[in-house]
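Multiple structures are listed underneath, in structure tokens.
Across the two complexes that follow, chain A remains constant while its partner is chain B and subsequently chain C.
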Partner chain A sequence: MKAKIPILFAVSIAIIVLSLVLVKANIVQPIATIFTGSLGDARRISGTIKEMTPLLILGSAVYLALKAGLFNIGAEGQYTVGACFGSLSMIAIGGGIGVAVGCFVGIITGALWALPAGLIKAYRNGHEVITTIMLNAIALLMTKALVAGPFKGPDQFTPSTSMMPVQSRLVPLFTIGNLEIPQSFVVGIVIVLLLAYWLKRNVSGFELKATGANPTAAKFAGVNTKQVTVKAMLMSGGLSGLAGALQVAQFEHRFYDGFATGYGFDALGVALLSGSNPAYLILSSFFFGAMNKGGTALVILGVDKGITTVVLSIVIVMFAAIRYRKKEDIRE
Partner chain B sequence: MNSFLLQVVTMSAPLLLLAMAGYASERSGVINIGLEGKMLTACFVCAAFAPQFGAIGGVVMAILAGIVISMLHWTLTQVYRIDHIVSGMAINLLASGGTGFLEASGFAKNTLTEAQRLPLWFYYAVALLAPFLLFWAANHTRFGLQHKSVGSDPSKARLLGINPQRIRLLALTLTGVFSGLAGSLLVSETSTFTKDMTAGRGYIALAALILGGWRPIPAALSCLLFGLATAVQIQLSGKPMFGMQIPSEIWKMLPYIVTLLALAGLLGRNRTPAGLGKH
Partner chain C sequence: MSFAVSMQNISKRFGMVQALDNVSFEVQAGTIHALVGENGAGKTTLIRALYGAMMPDDGSILIGGKTVKFRNSADAIGHRIGMVSQHYGIIGELTNLENLVLGSEGSAILNKVAMQARATELATSMGFEFDWDAESSTLGPAGGQKLEILKLLWRDSQIMILDEPTAMLSPQDSEALFVSLKQLAEKGATVIVVTHRVAEVFQHCKRVTVLRGGIKIADHNVDDVTPNQLAEEIVGGAVMERPQPVSSSKSSVRLKIDQLSVRGEKGDMAVRNLNLEVKMGQLVGIAGVDGNGQRELFHALIGVTRPISGTFSFDGSQWDSESSRTRITEGLRIIPEDRHEEGIIEDWSLLDSAALGLQRLPAFKNLSKGTKKQAPSMAEMFDTKFGRLSDEIASLSGGNQQRFVAGRALSLDAQLILAFQPARGLDLNSTTKVYNEIRRVCQAGACAIVVSFDLDELLDFCDRIVVMAHGELYEPQTEVARDRAAIGRLMVGAG
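Let's turn to the complex of A and B:
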């Protein structure tokens, strides 16, 4: 397991070099930029932490569903819905209570958005990936229509809600020089720890893992697997919705068309890379966050950000090939 | 009226070809979330090579690219046995990132001239014939029947002496051909490549395939239905209906909502191939 991480790292570098040779660009500078752009100084590390925060919470959401044997591709849609309705209630109520209510609304709406996928999977055997892809598309279109029409901020020119009042926004938990630790980041870490505890030490967490590992065996052992499937989807959706609401409260301060920028899909990679131990979610979301942040710095050099996407996809595939091949053989 | 019909055909033909690509792989048991990425790659390759190799060369290269990326999909799912969803998502990421990077680096920048595009009627003719051909092949040829049986139960098919991996190799080659055609049709319609130009068509094609119950002719009809919905939306955009302004997003949502209802079993029984995603 440990020996494979350097291999993945070496391959990522090799891919970047090859692609840069292909387009006849300078090789050393872009790679250095990915590192300095994401970890160069305190301000950039804060940027990496900012990129990492939603991935951490969404990664836990997808990880939870994955443990129950479900691919929650719908994290993107649940995140969007949670952010949209969360921001609307934060703006309507205002203050610290507004943020609390907004987070609650985010959890509820995110969970509700995942519910159809859970129900269809459990009782109609419709694949959760297809249903969540459909729900993603509906979520994006619906929230766009909402913030372009009835909930458009009066002072906004593009489809967007108005900004949250300054005094009700979440401030960083603490700042050391230029290094900022946001509150939502700490929430994310707590969620990961709670998730690890719940999966390991709690009966319902164990039932969830059993359902994911072998549904037939779990059923014979007396687990209501259908109920577990619905519950896992609800919890996963709730966490994704919370990620959206926190993103609004901490960083974005409003909801607008194009709010979700693919965090939900990256989260699948984060969850897959963390393998069997939820604590690795912190490491893998850091890796994705650093790649995102470093990729943004590349744009200044005139190198497209797409190259980091290519690297991430290949890392995911290689990791999955190394890790999940053995498991498949046992199942057969 | 004529222009409206043309709009319906323009909107549904790429979807239809892509849905046939999905049919070839999904009916053989390979879940294909990667349709989006395959089509995008084909779009890019067609736009990049047509200026040098001419119209036919561009389409041939696009089809080859579709086949190559489908072979990658086959290797991942059948040889390395990576989860079908993970490999499909990875292909989408790879295609989106890769084509975006290459386009920003100066590839496929040219607008295709008339001579560098195959006439649209060629694609439309293929789109018209393909569902019937696939329907016939599925029920009357040796390969078609083996293809279906592998998708329904790979382990039973193996007992009958069919090699699921070999059948799926051929099925995914067919997927590559159709996604290559779908991609080059999209480029021929717009005559230039833009980043992420497929804009979710892969998922809508998948939706059409599901709505059609994984059967070629109903899937093709679903594509026409979705094309019709898009054309209606374009016609109505900005115009009030029933005395009020209906946002265009409502129309765009329709295909997805209908597919959800179909999956929930509200529109007839669930016809998912039983061997989908199994080895």
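Let's turn to the complex of A and C:
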């Protein structure tokens, strides 16, 4: 079987190339466009980094839950709730303190939004995938209602909060010509590094990994796996909420209906693709960010942006097939 | 002479491991033939080849003088070969009769009357008795074993392979089993018994074949060989002496269990009002047939199951209301029953595995330094063979995993050692080493409880033996405290 895989791979590539040649498709141009569209110049690189930033933080959130054996599909909802409530304090208080309080509120509300899923999983064994999907729907509709009603800015015509005061918005940490490095991007990098360190060196991280890898063995090792499950969900939700709040402070400067555009779901791919090393979150979120950014440039060619989703999906499926293949059992 | 079974020059390789190397194995009709060897010697591989569950790379198999080639077990069954594996295939939800005929019903429409008549006839011929309409979950291990043997008769098996048939039986039931097997052999059946119990070979078998490291070491008439010689052939060198256990118990009680009751998985009362005091220095062996509450008792002591009533304390610390973590901090160490599920995380490195269960101890305050310091000495304690410390623990053989897990449990200031079948997967000498180390730690002031289904092992090493039957503990009278038969009677609840 092993020898057959490269052959199958080569044959399938040959078939794809042949069929593209047959229909006289130009495959070079779209690929080149994705490249130039995402990395062509400093402005576009900045755009890629902007796309990458929420993915980085949300990817960390999903990754952390994944290590505890939890599939947090709810990142999108936690992100939305964090952004919605975080934006209120940022607008109301204003200034640096407003942003700090807003981020704190984002973390708390995001964590609270994940809490029911954690509790239900730990104490009632209800599957977190189901509960987080439900919570996503509630988050989406609840924030929609809030922003159309009580949270709606007096100066707004659409369901949206007011804009943050200009002087309170996060500016890029530094700018070189057209290249902008946002502060929230740096926060994301720091989170990834802290997470990597925590999982590797901290005893709580150790117990979290044990719970995810083999809950029975973890229990025998004296780990309170129920607590770990709740804690992991809280932390994951908190990070997602922070991602939402930072998105408001750095880029969006308000919360509005339709704020969440699927970063929370892309983050699942980001986390899966980074495999066993959290540092790879940086690479995989960059890859997703570049595809998102470059994909928009495809419109000029009349190619649907959705093609990048297809590419990302194929990459994830192939990665999963390689990484999570079952080891051959040679035990007697 | 023509043999009932003749396997010639069988070889089989799994990856890097030569499981069988040019092994020839011949069995005369009408005999009980023992196949002995340590774990990993190739016994299981050899009989799986005979049962068609595995195709050898090389060699030939002759049944009744004719060459056969088995592609699967159905082929082997067609040649009237039957096997009772270690974990038998009785389905608890079916009735005894349904289990008996399962897979060999004979016709599309079941004629219960005819089936029951034949079943009763077979059972009577063996001196067995079964309630055919009862659910098989009501059978004990001995009943299950008997039903498995009837299954072979139901299929007209003439060559019967039994893999460690007495592993789960009390001494009395083992005795009865061999009586049945002898009866079958006298009627002309060929019985192959895979076992690691040397005593059984001498009591019941006619011939014995020794395998070691995938190679056939010897073939004997049992009468021509001494137990010591056989043990040395199995081990491949001198057998470590097992010094008679001396009690090193001091007066002070460390573990005190008071009226403990624990529910089992199915909601039944698995442990009933159990009392036990373990003194400093004691190595207590719990004898008993599997499934009499040993598991649930351990789970309660470890803290993965909450007892429904009763208390237990260690050094005065009320453990029943403390977390597992606290118990571990206070010296609880575990060699768990199911290594794969409870003892290790398969894709973790040996380094990380070293801290599993001990992660809150001061030795692992700095996780990476602690693991680098502790992992090598844990591996060294019982000569665990491994590549690098960064290798996955799953890359180790089962025996080496067990050595590592045992080394881990005994490395860091153990005060109460709970060991469930600690010899599982270990060879004779490693077993002795593990028990000797437990004894050494006990002499230093700790205490230990060992559960084993092998009474001889407990008699060899423990200074006190208690029996667990139907969730209750029985202490044999002082004058029969080391009497095999008396303890055996308690095991089946006939004290």
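Note that the second predicted complex is superposed on the first by the 299 of 332 C-alpha atoms of A that agree within 3 Å, B and C clash if a C-alpha of one lies under 4 Å from a C-alpha of the other, contacts with A are read in each partner's own complex, and residues count from 1 in each chain.
Simple rule for what comes next: a contact is a pair of C-beta atoms (placed from the backbone, for glycine too) under 8 Å apart; a residue touches a chain by one contact, two chains touch by 3 or more.
Given the structure is predicted, the values throughout are model-derived calculations rather than measurements.
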Partner chain(s) touched by A:213 [first = chain B, second = chain C, both, neither]: second
First (chain B), second (chain C), both or neither touched by A:133: first
Chain B versus chain C as contact partner of A:104, first or second or both or neither: neither
When both partners are placed on the shared chain, which of chain B and chain C touches more of chain A: B
Touched partner set for A:316, first chain B, second chain C, both or neither: first
First, second, both or neither for A:221, with chain B first and chain C second: second
Chain B versus chain C as contact partner of A:125, first or second or both or neither: first
Chain B versus chain C as contact partner of A:307, first or second or both or neither: first
Overlap of chain C and chain B interfaces on chain A (superposed complexes): 328, 332
In the complex with chain A, residue positions of chain B that touch it: 31, 33, 76, 80-83, 85-87, 89-91, 93-94, 96-107, 200, 203, 206-207, 210, 247, 249-250, 252-253, 256-257, 259-260, 263-265, 270, 272, 276, 279
Contacting residues of chain C [partner chain A, same complex]: 14-15, 17, 19, 40, 44-45, 302-304, 323-325, 327-328, 334, 336, 341-348, 352, 355-360, 364, 366-368, 394, 397-398
Residue numbers on chain A that touch chain C, as the complex places them: 200-203, 206-207, 210, 213-214, 216-217, 219-224, 327-328, 330-332
Sites on chain A touched by chain B in the complex: 19, 23, 25, 71, 73, 116, 119-120, 124-127, 129-131, 133-135, 137-138, 141-142, 144-145, 148-149, 265, 268, 272, 302-310, 312-314, 316-317, 320-321, 324-325, 328-329, 332
